[in-house]
Structures are given as structure tokens and as C-alpha cells.
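In what follows, chain A forms one complex with chain B and a second complex with chain C.
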Partner chain A sequence: MTSNFRAFPIVALLTILSLPLVVMYGFTILDSVTDTEPGSLVPTEFTVHHWRFLWDDTTGRGSVWTATLNTFIFAGSTAAIVCATSLTSAYALSRLNFPARRFFLAGVIILHAFPTITLIIAIFLILQFLGLFDTLIGVIMVKAALELPFGIWVMKGFYDTVPWEIEMAGVQDGASRFIVWHKLVLPQVQPGLSALLIFSFLSGWSEFILPLVLAPGSDAQVLSTYLAYFLLDDSLEVDFNLFKSVGLFYALPVILIYLIFQKKLMNIYGGGSKG
Partner chain B sequence: MQLRLKNFTKTFDGLTVIDNLDLTVESGEMMALLGPSGCGKSTTLFTICGIHRMNGGTLHFGERDVSDLPSQKRNVGVVFQNYALYPHMNIRENIAFPLRVQKLDTATINRKVGEIAELVHIPELLGRRPAQLSGGQQQRVALARALVRQPDVLLLDEPLANLDAKLRLEMRSEIRRIQLETGITAILVTHDQVEAMSMCDRIALMKDGKIVQLSAPDQMYNDPVDTFVAGFLGNPPISYLDANVADGQFQTGGGGIAISDALKPKVSGQIQLGIRPEYFGPQFGSGLQGKISFVETQGREDLYNVTLSNGAVLRSIQPSGRRLKLGETVDWGVDADHALAFTTDGARI
Partner chain C sequence: MPRFNALGFGFLAPAMIVVTLFFLAPVILTVFFAFTNMSTSTGITGGEYLLTQSSLREVRARSVSEETVQKLESTVYAVDEAGLARLAAARDAATADELAALHGGAEFTSRREMERALKDLRENRIRSTRDRKTLADLFTTSVMDERFQTETEFRTALSAANISEPDQSELVEVAYTGWTWTTENMRLLFSLDSSWRYAANTVFYVVLTLSFNVGFGLFLAISTFYLPAPIANTFRTIWFLPRILPPVLYVLMWYWLTWDTGIISSFMGLFGVSPRNWMLDTATNAWVVIILINGFVGASLGMILFSSAIKTIPDSMLYASEVDGANRWQQIRFIILPQLRWPILFTSSYQTLSLLTSFEYILLATDGGPGGATEVWALAAYHTALNNYGGNLQYGLGAAYALVLVVIGIVTSALYLRFFNFKELVSKPRIEQ
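Moving on, here comes the complex of A and B:
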């Protein structure tokens, strides 16, 4: 009996369980390029009409390309800030003996567990006070701050797996602490860093509540709020096929990233890997 | 280069681990810091290389006072127990790292790496990664990396602990050869008396943060200052007997043992007698009766435990082939000149 054959019951079970998802994905893709009679499942004609949002302003809220650019800026800068800060602060928490280290460690955990939505009013007020309400920078800062505890905690886990002796050996070899960190420790946590980079980018890409509440205007809108407008705005006639196309457009980068980087993303759950 | 540690004191969280320790390692000498775990030998090593700070005392390399210098400026080479090779670099880059930090030019680096690889016999491994090497090879790389920038002192922290028995034997002589060839002053930290005795010029035997005895291996073996030292060196270990001095003999369970001329004027009353396994057996006549309570065949030799009538156990190591059985009664003698006498609280008489 081959191992493939033995795995057959599991494969069958998983197929049944994931079938609804596959069907949904299938129809999302299908409906975005076809028209279907009401009440029927079988499409009747091929059309690119539902993708008109790519060249027309269908919502009156500006081009989808501006929103896409905004989303890239939003997710990219969030990921950059999160990674840069986590990389350094996690090293400090893992290795350096500074005052109130335990307090900071506990603080990171508590912040990690804190539900974002409970903070939204306070954040709204602060942003308004700072004059950053309805700006991309404001949302970026908030999103990065809320992502940080997770990032720091993950990176600390990776730093903790690097043996002390490697750093001691580096110091004995005459390297400064900074060179030791940069040349000897950083390469060991690199898998964690790439995973965190992708993760925080995806998290920024899919963020909805923060841009919706903190940047409701059309200048700073991202794809998630752009997409939501098709449902939220009563003045627009609801066109579900259009909505599906925009959704597909929005999900495409995420699917691509997952396909390309799935191995690296698994690292983050492994808690680190060696060399 | 001579290394001098004076009045060295180290405390961790108020607990004094090492109190007023003095240690001088002569130039070109290989010194072993030997002792049971927790005796402070690794702490001493890490203080010498600058990872731990001293709470008191001074450290000199030759005439240079390095007590307050950071590790980077001390010029010490360290080989760690787990070798601490950099996993993301190949062997050449590992060995070159200390030189690259000094910003030497590539030609010099390549020449020096080549030389040191030659010395530790790994020139064919330079292109590999640490994970692709065996334990012994990693050990050689770690040595090469520690030696490549010609440190004043080489420190070895339990370098053989992670190797299997055969490799350990090989690396023992290899490390000694490399140390002798480079003429570097070296300190070896170990809890294995065989390593210390076979590799080093002198041994500092430590206990509870103090040096109990510091002397050459054979001297420490034959002339220990107390029962702790005598018991730490030697495998199979020395055995002790409670004895009484009477009628010009050590009186103990199962018979009497002659007193050597050297000891005669010094001993009286109740003492402890230390007898190493190689000095107890039929070749030394007779006088001690007992029963064989344990036999261990070691190939070349057999090890016997002999239980005397008062319950004390003496070990004896004999050339194999005698084929004595468990429970057999024997009447063996002790080499009086090599019996070690201690007071009842362990000090050497």
C-alpha cells in the first residue's frame, strides 16, 4: 500500500471540508468575468464590464489606482516600521539587561492581547488633536503601533534561539556589540524577519477598521475602504459582480504573496529555525 | 605571555563565588583549571576573557594591566564548549572573521587563514559550512578561529566535552600539539582529570572557589594535599581505610599494613589511609584478608573490589588473566611506600 493511498481518507475528508470555500472562490472568479441570468447558476455570457472600475470612476470616490497606491504605501510603511522597531527592541529585550526589562516584557504581552477596537475612540481623539486625522500618516502610525507588540514578541522568540556563545565568540574575536549584532546575530534571525515583514505587510493590506474610522475621506482611502463603499453607500446601485471583481483585485496580491512566500511564513509558527 | 590573576574576587547577586584567588600562568605554559561543577573554574575563565567583570583584584597579561579592558581589547582567544561557530558563514569566513574585524587586507587574511588551516589540519574543509562538519572538525575550526589573530592567551572551556570517546582521545593530543607548536599560553577548563593530566603542564585543582592544590600532574597524583585532591585524580579512584597506629603498623579491618620509614615519625592514633588500586595486590605480599565483592573486566586489566572484615572496600587493579571469582577470599598486601596517610578530617600527613 503506497503512502498516497493510505492518506486517501484524510485527503477525502479535507476535500469535502474545503469544497464550499473552493466553490466560493470559483464563483467569485467566474462571476467577475461573466453575466448570469437571475436565479440561475450557469453563466450566459462573457464580459469584462465588471472590471470597468479599473478605468472608470464608478463610485465617485476617485480612481481605484489611487486607493491601490495608498494601500501599498500604508501596508509597506507599516511593515517597515514594525520590522525596524521589532528588530532592535526585541534584541534589547532578549539580550540586554536594562532597568524595568520585566515591566516592558509584561507590557508587550498585555498590549498584544489588547483588543484594538476598544482603543479606537481614544486614538481618534489623539489623531484629531495632532492634526493627523484623515491622513495616511496618522493611520500608518496607529497601525504600526498596534502591530508592534506582536512583532517584538515574535522577534524576541527568534533572538532567544541564537546561542549566547555566538555573541561571546564574536566579542572575543574583537568585534563591537553592534558588529556582532549586525554580522553574526542578524543572519540567524533573518528567517523570522522575512516572515514578520510579510505578515505585517499582509496585516496592513487587509486592515479595514482603522482606515475606515481614522481616514474616512477619499484622499487617504485604501482598497478595503474603497471596496466597502460599494456596500455602505446607499446612493450607489448594488452591483455584486462589480463588487466581486473589486474584491478579487484586492485579494490578488495577498494570494500571490502567500503562494510565493508560504515556506517563510511557516517559520513564524515554528518559533525560529537554525542557519 | 605570562598571565597573572591577583586577589581575584567574583560575586553574583551578593553571593561570593570566588574569593581572593591568585593564579599565575607562565608564558607558554598550559594550565588546567580542574574541579567539580560549580567550583568556579568557568567563572574564572570567563573573567579572564572579559565576559564577566571582576568584583575585586587585578589581571595582567605580561606587563599589561587588562583588569578593566573590555573583551575586544584583551586579545584573548576562546574555544567554547559548543564551539560557537557562525552557522551562516563557511569555514573560511569563520576563521577570517577576527581578521576581517581588524580590517586587514584580503591578501593578508587569505594567507593567515591558509596558514592556520594548515596548522590544525583542515585546509580541505575551508569551503564547507559548520553544519557539514563532524564534532572533531568543528573543534579544529574553533581552535583555528581562536588562534588566527595570535592572541596573548588561549582559553579552552571544556573543549572535549561534546566529543565521543575516540575523538576525545585524538583531540586531546591535537590540542596539546597545536599549543606546543604555537607556544601559546593556554588555560584549559575541565572537570575530567584525565584531560587535565594528559594535556597540561600544571593543574590548579579548584573547590568552592578556591585553588586547593596547584602542581604538575604527576606530583599532584603522588603527593596530594588532602583527600579531596587524592580522590579527584586517578581512575579507578583511590580507596580510603580508617586505620589505627599500633605495634608499628596501621591496624585496620582484615589485618595490618606496614608503615613506611618516611611516615613512621609522623603518624599516631586514628588516621585515614588512602591506597590507590595499583598499590594493592598479591605482588605486594600479604597481610590484608578480604572477600572479592566486585569484578570488572577492562580487557588489559581487571578491577577488583575487596571487602575487608570491617566492611571497608579496597580497589585493586591487576593484569588480566587471574580470573578470580566473586566471593573468593584473598590475602593481599599493600605497597607501604605508596600508602598515603591523612588525618581524620582529610589533611595530608
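Moving on, here comes the complex of A and C:
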């Protein structure tokens, strides 16, 4: 379908429209390892000075490595909780018969569509009551709970595609429903599970509002709040080269995961959760 | 009769516990909190009873008798057990015993009289006048500036000061420092000028951003569809990245693009334009940047959904139209766009809800500025309850703001159910039948 069509004008138009983004990406990488004279656009010298935050705590916000470890724990635990719980609940909703199943299914759909961020004030107060405010465990539980309806929904979709014949054969041979699930069905939904795992890990890694509100202290801070501190604190001297290096350091795992699992992610982001 | 499987509940249990505690409970509690006056100053657990000089002003405004106010203001000196114990601690037990014998149970309305009573001591004389003055103060009894943990304690103290029963109830209300139930938030919500402005800002923001998202998403999807695969994929990756990059980093890039030390200012500087903050200089600047920041992320969702929808159009239809002599524009207008009706509807409804409620990018970019020009409803809820410059966080009022969004969210999500073919979703499991 290229006969009555010249690609050049479209490519030119797209290039112009994409220019701001490309410039932003390019200079983020470039500026993190170079110095530029004020008022000039062309970098003059190579330097690793902007990465000093890695070994030198000059930012006044604690070590970046603590924040990195916290982010790993936060993203890893939420992903693990979401996957483990949606693995079982989605199977129940997809395949098992129990009272009020319709009700639970409708509940999952409604919760999946519900804008969770509106609950932040109530959650803040609940964590205060429970004494989980400003702790990593509190934010992990909240993030996992809010992500769970999406996880269950996605996993149910994967379970629904598994042929009934596999299970019926297992039951026929005398296996219990649990064994059937564990031995026969789980291997079938393996690809779905890993997609969900990657997605919820990335979602946890990027999460900003929950840690900002629920764990504002420097003990439980994650990389998003660590980086946001540079943007939101007016008293700080604006040093975009430093900020960009921190940002690049923060986004590195995301970019790596994206490059490796591109295909898988494109699918799941189609029904994704961000506006 | 279908068999039920207990395994179902066992499998659901973990998810139910987590969702109930941190998802359903917040929904219900938002309603409750919206009808309280909770704030930083009232605390969230409970309060004490404390009358101060400033609360007396409030007492006067209520229907409390003048007599009561005077009683509260005046200081009474009473030779009671508490006072005697304080005296015993300050001097010695013998002095206290003698005073008890002389004036036990007496009450004086001025310090002078109390001092005179102290002068009456014969065996344990207090010689210096200054000592008598200080010791007289030990016998003051006042409910003012004293903290009471429970209402009963507070009422007992008020009864001791001879304050009438109806006035006591008024005082209890004034003196309570904790939170109480109120419908004041709802009244404020509809009477404050600012909340109407937030609502107008929100509508403006949602309509413009949504149009940008859908329009630009369509453009990206259709234009990349016609391009050779390698070029198309490059552009798709460029536009997909804002969605996958952490929001904080993404907004940081926009800072660098638009700030007075950023690239636009530097670039314009080459032509003699003085540097300025293209993000926060004027309200128009702020809106343009906010819509672009959200729009670039939103357009990528449109791009993905529309692209996959276009791919499902059979090639034969497109070839046939070309054979019939349709040009590119006619192909788009009469074949592609009609096929995209459902994806467009889905994207629009989905993004309307998420744009209404999410404030992440606005918070990071302008924080509602300049001067509240870009303050949308969801951000106002956040600012009221969780982060403001005044320092007194009004959880109750913030929850009232949030409640509006929660209600919209529940109604829209329930409508969502109708979009799905629910019957098919709940088709009976086949093994138990």
C-alpha cells in the first residue's frame, strides 16, 4: 500500500513533532557526562563529576544506595505480592465454582476501573492509625492492594485461555483441583505471570505519589522521592547536569527491562494503568 | 445442584484481606472523614478538654450566662486537700496541718484574703510577705489552662466551680481539642469561590488534554501505519518512552526544556530573547506545558490501542479501496476511522476518569502555580489535606474534595461493567456442574 503515497512529508512532520522528545532524551544522556558553558548549547568537555552523588553524599538527602535498595525492596515486594495473590484469586474467579462468584467478579471489574489515587487521603489516615506511616512495609501493602485488581484482571484473562480439556483430563485421572492447578494449569499461564511480574515491578519502580505521601522521611525514601526532592526544593541550587545524572541512574533498570522485554510490555501497556 | 469448591474461598482469601484493608476501607473511610473536622490541630485519634483565654472569646459568642464567664475568669483560692498537699511539699507538713485546722475547706475570692489566711498561722509563721504571695498561689483552683483527659473529669471540675449544667455542655464543646462530626465541609465545598475555580480548571484541563490525547494518538497511529516498518518502529519507540519512563524523570526533562536555565531559553538567547521560565511565567505558559506533558504520555496510550486496532483491519479491504481509486485521505476517512470507533470511545472514557483524578504530573511540574492558575480539583484535595504552606492540614475538608472524585469514580466504574459482556465473563465453571 505505498503506490499513491509519498512517505517523505509524513516522516518530516513526525520528525519535527518528535523533536522535543528526542532533544530531551539526547541531552539527558549527553549532559550527564559533559560540561557546557552557560548560554551555549554545545558541550565542551567530558566529566564524571555529575555522578558524584554515587560515592559522595553531597545532596543532603542521604545515600543514593539506601534509596536504591529501598526502591528494589518496594518494587520487588509489591510485584511479588501482586503476582502471588492474583495467581490464586484469578484462578478461583476464572475456574472454580463458589457462592457469590458473580459478585466478586463484578467487584474486580469495578475496582480495576476505579481511580485509586483519590483514596490517598483516607489511606494516609489509616496508616497513621495502624502505625505504619513512614514505613516501607506500609507503602508496600498499599501499593500491592491498589495494584491487585489489575493483576487479578490480567491473570484471569490468561487463565480463561487455558483449555478446559487439560483440567478435565487431570480431574479424570483422579487429581484434586489443587494438584490440577499446581501441576497442569500453572505452567500454561507462565508467560502471563512473567508479564505481570515485569509490569508490576516497573509500576512500583516508577511510583511517586504513594511514597511521597505515605513515607516522606529519609529512612524509607525511594529513588522517585529522592529525585523529586531536587525538583521540589526551592532552596537548592539548580544543577540540571546533576539532576539528569540522578534521573538517568534511576531510570536505568527501566530502560534495560524495556529493551529486553519490549514485546511483552507493549501488550500489557495496551490495557495499562496510567493516564 | 452445582458443587461448590471450598478451594475457591481459600484461593481468594489473601487478595480479599489486602483489598479490604487498603482498598475498600479507604473508600468507606473517605466518606466518614469527609464529615469530620479532622486536621493537624485536632489530631486523628481523639482529644482533651482545655479552656484557654482564646476559647473564652468563643464561649462569650455562645449562649453562656455572663455569670459562668465571670466564674471562669475569676480565680478562686480554696484551702482543699490538693492545695494543702502542695503547701506541704513547698514548706512542711506541720504548716499544712495547722492551716487545715484553721481554714480547712474555706474559699477566698482574692489573693489578699488568701494571704491574710496564711498570716493567721501562729506556730509555723510565714514571715516574709513575698513568701506568702507565692504560697497563696498554690491554692488557686481554676479550670482554665488545665488539661482534662475525659469529659467526666472536665465536668467534675466544672461542677466544683459551681457552673450550671446547660453551660457545662456548651463549655465541653468549646474545650474539646479533638475532632468532631460536622457537615461544615460539604457547605464549604459548595460555597467557596475557590472550589468552583478548581472545578472550572479541571474541566478545562480534562477537555483540552483529552482532545490532544485522542487527536494526536490517532495521528501517530495512522501515520506510523503507512510508514515502512523500521521508521514506524523508531517513532513508536520515541513516543512510547514517556509512558514507561518514571514520571519524576520525565517531568525533570520538561524542567530542563522550559526553565530559564533550560534549552529553550538558551536557544532563544542566541536570537537575543532574554531567558524566562517557559513553564511558570504566565498562566497560559503553565497550561500549555501541562497539557503537553500529560498529552505526550496520553497520546502514547492512544497510539498503542489505535495501532493494534488498525492492524486488525483486513488488508483486502484496504487493497480493494485502492483498486477503486480511493486516495489516502478517503481510505482513512471511510475505512480506518469507522473501525476505530470503539477504541476511541474506550480511550476517551478511560482517560477522562484518570485525568480527572490524577495530579502527579501537575504536582511535579507547576504544583498548581503560578498563583493557583493550574490548581485542579484532585490537586486541591491533596494540597488541602496532605501538603499546604499554612501547615494546618485539613484532613476533613480534603476528604470532602476527594469524596466528590470517589463518587464519580464509583459511578463511572459501575458504568464500565456495562461495557463488558458480563454474562460471558461469569460463564459457569464446567467441572463442578
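Odds and ends about this structure:
One rule holds for everything that comes next: the second predicted complex is superposed on the first by the 243 of 275 C-alpha atoms of A that agree within 3 Å, B and C clash if a C-alpha of one lies under 4 Å from a C-alpha of the other, contacts with A are read in each partner's own complex, and residues count from 1 in each chain.
Convention: a residue touches a chain if its C-beta (ideal position, glycine included) is under 8 Å from a C-beta of that chain, and two chains touch if they have at least 3 such contacts.
Please read these numbers as outputs of a predicted model, since none were measured by experiment.
In the superposed model, A:96 makes contact with chain C only, not with chain B. Shared-chain residue A:188: touches chain B; no touch with chain C.
When both complexes are overlaid on chain A, the residue A:224 reaches chain C alone and has no touch with chain B. Applying the stated contact rule after C-alpha superposition, one finds that A:171 touches each of chain B and chain C. Once chain A of one complex is fitted onto chain A of the other, the partner contacts of A:179 are limited to chain B, with no touch recorded for chain C. Of the two partners chain B and chain C, more residues of chain A are touched by C.
Using the contact criterion defined above for the overlaid structures, shared-chain residue A:250 touches chain C, although it does not reach chain B. Legend: residue contacts after superposition of the two complexes on their common chain; A:52 is shown touching neither chain B nor chain C. Across the two superposed structures, the residue set of chain A contacted by chain B and also by chain C is 168, 171, 274-275.
Residue ranges on chain A touching chain B, taken from their complex, read 163, 165-166, 168-176, 179, 183-184, 187-188, 274-275. Across the interface of their complex, chain C is touched by residues 1-5, 7, 10-11, 13-14, 18, 20-25, 27-28, 31, 39-41, 81, 84-86, 88-89, 91-93, 95-99, 101-102, 104-106, 109-126, 128-129, 141-142, 144-146, 148-149, 152, 164, 167-168, 171, 177-178, 202, 205-206, 208-209, 213, 223-224, 227-228, 230-232, 238, 240, 243-244, 247-248, 250-251, 254, 258, 265-266, 269-270, 272, 274-275 of chain A.
Of all the residues in chain B, the ones that touch chain A in their complex are 49-51, 70-72, 75-78, 80-84, 86-88, 97-98, 101-102, 129-131, 145-146, 149. Contacts from chain C toward chain A in the complex involve residues 2-12, 14-16, 18-19, 21-23, 25-27, 29-30, 33, 38, 44-45, 220, 223-224, 226-228, 231, 235, 238-249, 251-257, 259, 261-263, 266-267, 269-270, 294, 296-298, 301, 304-305, 308, 318-319, 322, 327-328, 350-351, 353-360, 363-364, 367, 378, 381-382, 385-387, 395, 398-399, 402, 405-406, 409-410, 412-414, 416-417, 420, 422, 425-426, 428-433.
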